[in-house]
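Scrolling down, you'll hit the structures one after another.
There are two complexes below, and they share subunit A, which is joined by subunit B in the first and by subunit C in the second.
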Partner chain A sequence: MSERNWHSHRDAKNARLAGAAKLLDGKFAKTEDVVKVLEALIKPGDKVVLEGDNQKQASFLSAALTKVDAAKVHDLHMIMSSISRPEHLDIFDLGIASKMDFSYAGPQSTRVSQMIADNTMQVGDIHTYLELFGRLFIDLIPNVVLVAADKVDHEGNLYTGFNTEETPTIVEAAAFHDGIVIVQANDVVDKVPRVDIPAGWVDVVIPADKPYQLEPLFTRDPQAISELQILMGMMAIRGIYEKHNVQTLNHGVGFNTSAIELLLPTYGEQLGLKGKICRNWELNPTPTLIPAIESGWVESIHSFGGEVGMEKYIMARPDIFFVGNDGTMRSNRALGQVAGQYACDMFVGSTLQIDQFGNSSTVTHGRLSGFGGAPNMGSNPTGRRHSTPAWQSLKPADDPLAKGQKLVVQMVETFGSNKKPVFVDHLDAEEVRKEAKLANVPIMIYTEDTTHILTEEGIAYLYKTDSMEERKAAIEAVAGVTPVGLRSKPQEVKNLRERGIVALPEDIGVRRQDAKRSLLAAQTMDDLVEWSHGLYNPPVKFRSWS
Partner chain B sequence: MEKLNFTYQNSQPVKKFVHVGVVASGDLEVLIYPAEKTTLEIVTGSDGFKEVWQNVLDRFFTRYPLQGKFVIHDFGATPGVVNLRLTQAMEELNDEE
Partner chain C sequence: MKSLWLFPGQGGQKAGMLKEVDPVLKEKVEHWTKVRLLDSEGGYQNSQQIQLSILLLQVGQVDRLKAKGWKPDLVAGHSLGVFAAAYAANVIKQEDVFKLVSLRAKLMQDSYPQGYGMGVIVGLSRQEAQQLVDQVASADQQVYLSNQNAELQNTLSGKITAIEAVLELARKSGAAKAKLLRVPNPSHSPLMQEVADQLRAALHQLDLTEPNCIYLANNNGHPVKTVEEISYDLANNLTHPVFWETMINVALEYDSQVSVEFSPGTAFTKLLKSKTDQIANIALADLTIDDADFLLNKWEGKS
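Up next, the complex of A and B:
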């Protein structure tokens, strides 16, 4: 009986690297050889992680992958946290890739839908970020990973700095299981500012023809915040943040939460809430939080990713942010998601549709967007054991073994700007499940996890409801004139208000007349720059020269 | 451009003229005058939303049965914004009392 080869993966990896040896000088390949390198190192059927993060894209490598010979490299199983660039899907049209497991497809969601319908792409599953990262170590262990770094030294040590995001997580999955780690680098330097990923984890480095693509995804111009969003922000601060004493939290990325951030130093200050709420954050470094930071509201912020223009400001505020000894912030999406799920009292997000039961989804007809981190942070982690005042405030009174619950808040206007109702009887996602042949309806946040729904009409305290009928009535009470809201009965609303299950602005002492733009701590991008003492440097598209 | 008219049987007469909002994109202005009957004259830039207006007004007047003459100039406001302006006017009327 022959002995089993217990290092067949390592042998295979070494054989591939040997096959590419003539293209390599140590770990380094020439920029112009990138396509040949990929053809030598990637085999048909490989599981390939192509780094598409939220903000950072390995754009040099993704462009090169579209140019490989599909006779040599085909049927790739792509694993991507974010499908962001056209070439992420071009490789399916070209016959280079056939299957996709992913988390988020925001900018490409329409085309993803179409490619599934056309059978050009087979979808494995839609994941949360953490789930996808987890599977990289269990049943989606990659053969090859293609990632982006800011700087590399001559040994192959990588500096990913401000936009580290998930690069170390992806690299770890390959480096310690005989996968091949291929890196595009913006710059080759003698010494990196700090080592974010050690050279021993890296197999091949290719200097990129130009810096990787980086998007300022989380910058919200205060100019675009409406008075309706200001009203909802005031309601959130009074009826949720103050009421539940929320100290640790994660904000979504929309204008609703930007409004809240800009109301803390004004409205929050008037209410005497400084130091009592919103102290510790898991958050991308959103510029709209600058006034609250400068006013002394914020103790700490850990970030999933960077944000273009915030580099110098963060460098000057190491007490608040997570900054390396080189002075640059280090972001980390995997740890950020863990923190957002387990260490935060509250998640506040938004959605495109909420059904009559309180389930929500951003998947709508013809748009298979995925959810990124929302299902993760917007769920009650039943493994949580530590206690905080906010978490305890949701504990049921009648059960001796009861524990607290995470606050999961959906904040929506009853109608979208397209005048389509956000509250619907049935989610489009139910139809999309059939069209895309998914095992489950792509729901972003389930009603069982949703503790509050806040609209311009009021707040539904869903965690207080005793039955699905009562939950539906509470949702109807704040659903405005959507088909769901029209079922609301005045007597029922009165009863729900008396029992504290529904609150209208007047019930929590919020005056709608105070919902004015002058209540925002910053009303323009220039105001944010001023609050930052000139340290914040807005991306060009957010600058006005008036 | 569409003109809409509604009447309601309401119980709380307004005592004073109020004016809230502006005619800007996605917004509207609401002018309310004391009157014997509740009437609404709406000029809207978005055609074909009569039923939505009816629903917004029904819901608003069920909660706040203000009696007066309402003049509304709308420039594509969502139902949420319409409700915001109506309730702001309601608050201002309550302040006067």
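Up next, the complex of A and C:
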């Protein structure tokens, strides 16, 4: 019996690289050879990670992948945290790829639905970020990864800077299991500002024709914050942040949470909460947090990614942000997700639909959007055993072995921007599961993990409910005039209020007439620039001046 | 700069709209179809007049814009608009498209002399509207949920009495608007099958060529790139709903940066503006071709 070859993967990798040798000078290939390089290094059926998240895109490599000869490269199994660009799907139309495992598809959700319906794309699973990143090291170990870097030196050391995001995680999965690491670089330099990824983990570098695509995804113009959102922000600060003494937290990306950020230095200050709440954050560098940082509310912020325009401000505030010895920020999505899920007292987010039981989802008919960070952040890590006041405040009193719980807050207006009720008996996601033949209903946050629902009507403290019937009644009490809310009975609401399961604004000392825009620490993008001492440089589309 | 060309269907026609049209092209069309185009209010009581005149307006604009060097990356036609869209995508020849639409209009005009038509519901979702249709529809009261113009704007097609019954239910369910449309056919429903069969036979005789851009299909909202799929849409779109909202969502996912709406009217530009600020808009009903050319050049320089 012949002995098994225990290094077949390494042999295969070396053979592929040898096949591409004539296109390479050391690790470097020419920009114009990119398609040939991909054809030489990628084989049919390969598991390929194409870097694309909701901010940074390996756009040079994704465009090149659509140009490979489908007779040579086909049936790829793509693994992508975010399906963001048209060419991410064009490769399925062209027969280059056939299967997809992903987390988020918001910007391409209509075409994803269509491609599943007509069998152009086979879906493995729709994952949370951590599930997907985790599987890169278990059963979705990639053959080839295509990633983006800001700068590369002549040896192949990479600088990924502010938008390091998930590049190190993807590269690690390939580099230590005989996968091939192909990098597009904005600039080739003699010396990188710092080494984010060492040259030894990199196989091929291709200078890109233009810088990778980067979206300012977390910039919210304060001008677009409504007085209803300000009211809800005040309720959140009073009825949740203060009540539970929340010190470590993650915010979603909506205007609701921007309102809270801008209320801390004003309303929060009036309540005497500075230093007592909201000290340590897992959050992208959102511009609307600048006033709170400048007024001394914030001790630290770790970020999943960067944010266009915030670079100089971050560099000038290294006490707050995670900054390298070169002075620029480093982000990390995988560690950020871990920190956000496991190390924070609270997650606050928003959604498009909440059902009568309290499950929520952003998947609607015809749009298989998947989810961003919410399913990780918005789930209760039951193995956690910290003793923070917020965590402990959710502990039932009557059980000697009881432990606390993460605060997971859904903050929604009862009717969405399309004037349709947010509260529904059944989520569209239930139908979508059948249409797209998914294993699980694409729920974003499960009711069992949801501890609070906050609307313009009031707050439902779901963690205090003892039964599903009581939970439903608490949700109905804050669901306004939606069909779900109309089932609510005044006597029942009175009872729930008396028992502290539901709170209306007046129960927590919030006066509706105080919810004015003048309460926001910054009311325009200009104000944010001023708060930042001119260090914040908003992207052009957010400027009223030029 | 990726551009999306939009072609409206019937509804926006008005007397005098052909004033700017190239007289040579107009003469050719009248010669090919044996229909004299009146461009008058009286004329626009007739389906053939309406359909041919709108197509003429759009084909003329396509030719002039192309002569300036512009071409679409995606085309989206609504109902009758699919023919100019297919023409803009280089799928069908000029003479063929006019003859085909002339036939289509004639067949439609003769198919349901009376008692059938369309209605519109604004303010209910497609699922909600479908539930109301299901309550009314029967073998005797034929009514179908048809076009999806926007998330909360859907049409009904069928027998007028059945449509009115659904509209009444819609008002009771809180629809912001529920009314009959001035359309004499149950278009975009299975009731148009016979017309579709004859159109398919006519299309079969034509020499069509592969598109040079993405064509957004009415019948399922998918982006299509083959002559077979486009030919199917041209023949059969009358028997399917127009999935306009889906078509536009797909166009935006393709990262379209500018939309050009061909005449008549500006309805689709308004719908698009209310939906997104991702895309710059041109409506040829409001601009001359020279102005449009100026704007396109300016935006191209910027992007």
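Everything below uses one rule, namely that the second predicted complex is superposed on the first by the 545 of 546 C-alpha atoms of A that agree within 3 Å, B and C clash if a C-alpha of one lies under 4 Å from a C-alpha of the other, contacts with A are read in each partner's own complex, and residues count from 1 in each chain.
The rule is short, and it goes like this: contacts are C-beta pairs under 8 Å (C-beta built on N, C-alpha and C of every residue); 3 or more make two chains touch, one makes a residue touch a chain.
Note that the structure is predicted; figures quoted are calculated from it, not measured.
Legend: residue contacts after superposition of the two complexes on their common chain; A:Met468 is shown touching neither subunit B nor subunit C. Within the superposed three-chain model, A:Ala515 lies in touch with subunit B and out of touch with subunit C [touch as defined at top]. In the superposition on chain A, contact of A:Lys419 is made with both subunit B and subunit C.
When the two complexes are overlaid on their common chain A, residue A:Pro86 makes contact with subunit C while staying clear of subunit B.
Using the contact criterion defined above for the overlaid structures, shared-chain residue A:Thr455 touches subunit B, although it does not reach subunit C. Which of subunit B and subunit C touches more residues of subunit A is settled by the count: it is B. In the superposition on chain A, subunit A positions 419 are in contact with subunit B in one complex as well as with subunit C in the other. Put simply, subunit A touches subunit B in their complex at residues 226-228, 231, 413-417, 419, 455-457, 480-481, 485-486, 488, 490, 493, 504-505, 511-513, 515. Contact residues on subunit C toward subunit A in their complex (touch as defined above): 123, 125-127, 151-152, 220-223, 225, 246, 249-250, 253-255.
Interface residues of subunit A, counted against subunit C in their complex, comprise 85-86, 93, 107-111, 114, 118, 365-367, 418-420.
Those residues of subunit B lying in contact with subunit A across their complex are 20, 26, 46, 49, 52, 55-56, 59, 62-63, 78-81, 83-84, 87-88, 91-92, 95.
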